[in-house]
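Below is a structure I'd like to ask you about.
To keep things simple, chains are lettered A, B, C and D as they appear, and every chain counts its residues starting from 1.
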């Protein structure tokens, strides 16, 4: 059973489109915030400090899949339930379930890597193995 | 061989995150614009007029998958190549390839439906069969 | 002394630009959310219900001014302090002060109207006099 | 008579809110893009190169004012007419007029500075005098 953290979002008028429902790229914006909060809630330092301790700059996305079950709209308060459902050597898979009053509205599976600054070019980044202590704290 | 339409995007400073690369929900925002331009470029009326002629309000997303190949950054001009790669009874699959100077940076497959106003509740929408004339114009 | 309501925002990575600070249109997005929360916190029904009771659809902006004091960045938790500082016959002026640990980072003054559906064309809106009971609840 | 450059925007469905009109923070997003295009159209290097030649990192906003004349909606193609209407020792004022078929819909006046990296702390920035050659090229 993996650790799950919850990040709460109030859906605002400006998050919605002329159909009156959430403009779908906003789900991804919220999942990105939920990913950072997940790691911090598990005791991982934020990415600014993680660079000093582990050389980790952030967690770029390599692949994502989402499924739309029911629309959300402004006035809704939704909960995003986030966990890491798979740890690989260099990648990990996060699952996000977005619920309103316990009912699933949308879900995403996002594959990410831990990135460090590229040794030959500080403006580029490079995937590194998942730090063992990060994995332990988040499992 | 399916019809392909190209939508060009200039990547702006404000589309990028502190890592200096496109904040990924923006790819989805651009694919949504590319989807509308695709239909209009194929001769389909825009959604305001399509409601009058076909009762079609828009094309909500039911599922999406994307793959991140290389980052894009501000100053880039990118082309989104869009086509419908699968037509089903009630759904269709759009493919978007985002390229810079011909090189693939990102791609998405998005499953959508054509939606009409729900007969019992005008504030809700309902999937309808793909209109035959739309399909012909876009294949 | 006018009623002040506080709306709290966590600044996310994706709210920031390549300079590492909040991309400024996001301040306006947050002030728009703060405006809706202000009215609801004062006991005004949300805009969906307000249409039924008062014919009010929303509060479009007619003019805005903002001042940038210090940048905000991801990881910050900021408070937006909102009040109506001026009530006119058909317009009102909202003031938003965005603070981090009590220190002012950004502020905005936004002039808005209450809008109702245009009698001759339901797709357009029309400013109406400020409802007296709304003004009383929010002063 | 100051130099004016035009930046064209197609208003997309996802730029609009449940009232069916442009969600107003997007005007600011477009003005920010128009500001960068203005300088490049005047022959100023982009901010990445300007750091090497002039130590200039970008043009942070210190103050902005906008006026809403008429709404814009999806399907519209709008032109943003941009010029610098005032040059001061350390600040400059940009004016943006957003027009549809020549009709003014929205306008903004944005005060900015040229910023360089802070000598004592590379993560901070610092306003510098307007470079004389930039001013000449853009007047």
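We adopt the following convention: a contact is a pair of C-beta atoms (placed from the backbone, for glycine too) under 8 Å apart; a residue touches a chain by one contact, two chains touch by 3 or more.
All values reported here derive from a predicted model rather than from experimental measurement.
Among the remaining chains, those touching chain B as well as chain C are A, D.
When every chain is reduced to the mean of its CA atoms, the largest separation from chain A belongs to D.
In this assembly, the C-alpha centroid of chain A lies 29 Å from the C-alpha centroid of chain C.
Chain D has its Cα centroid 24 Å from the Cα centroid of chain C. The residues of chain C that reach two or more other chains are 13-14, 19-20, 23, 25, 29, 32, 58, listed in rising order.
Put simply, chain D touches chain C in their complex at residues 19-21, 23-26, 28-29, 32, 57-58, 60-68, 71, 123, 125. By the touch criterion given at the top, residues 13-14, 16-20, 23, 25, 74 of chain A touch chain D in their complex. Remark: chain C residues 10, 12-14, 29, 32-33, 36, 46-48, 58, 75 touch chain A in the complex.
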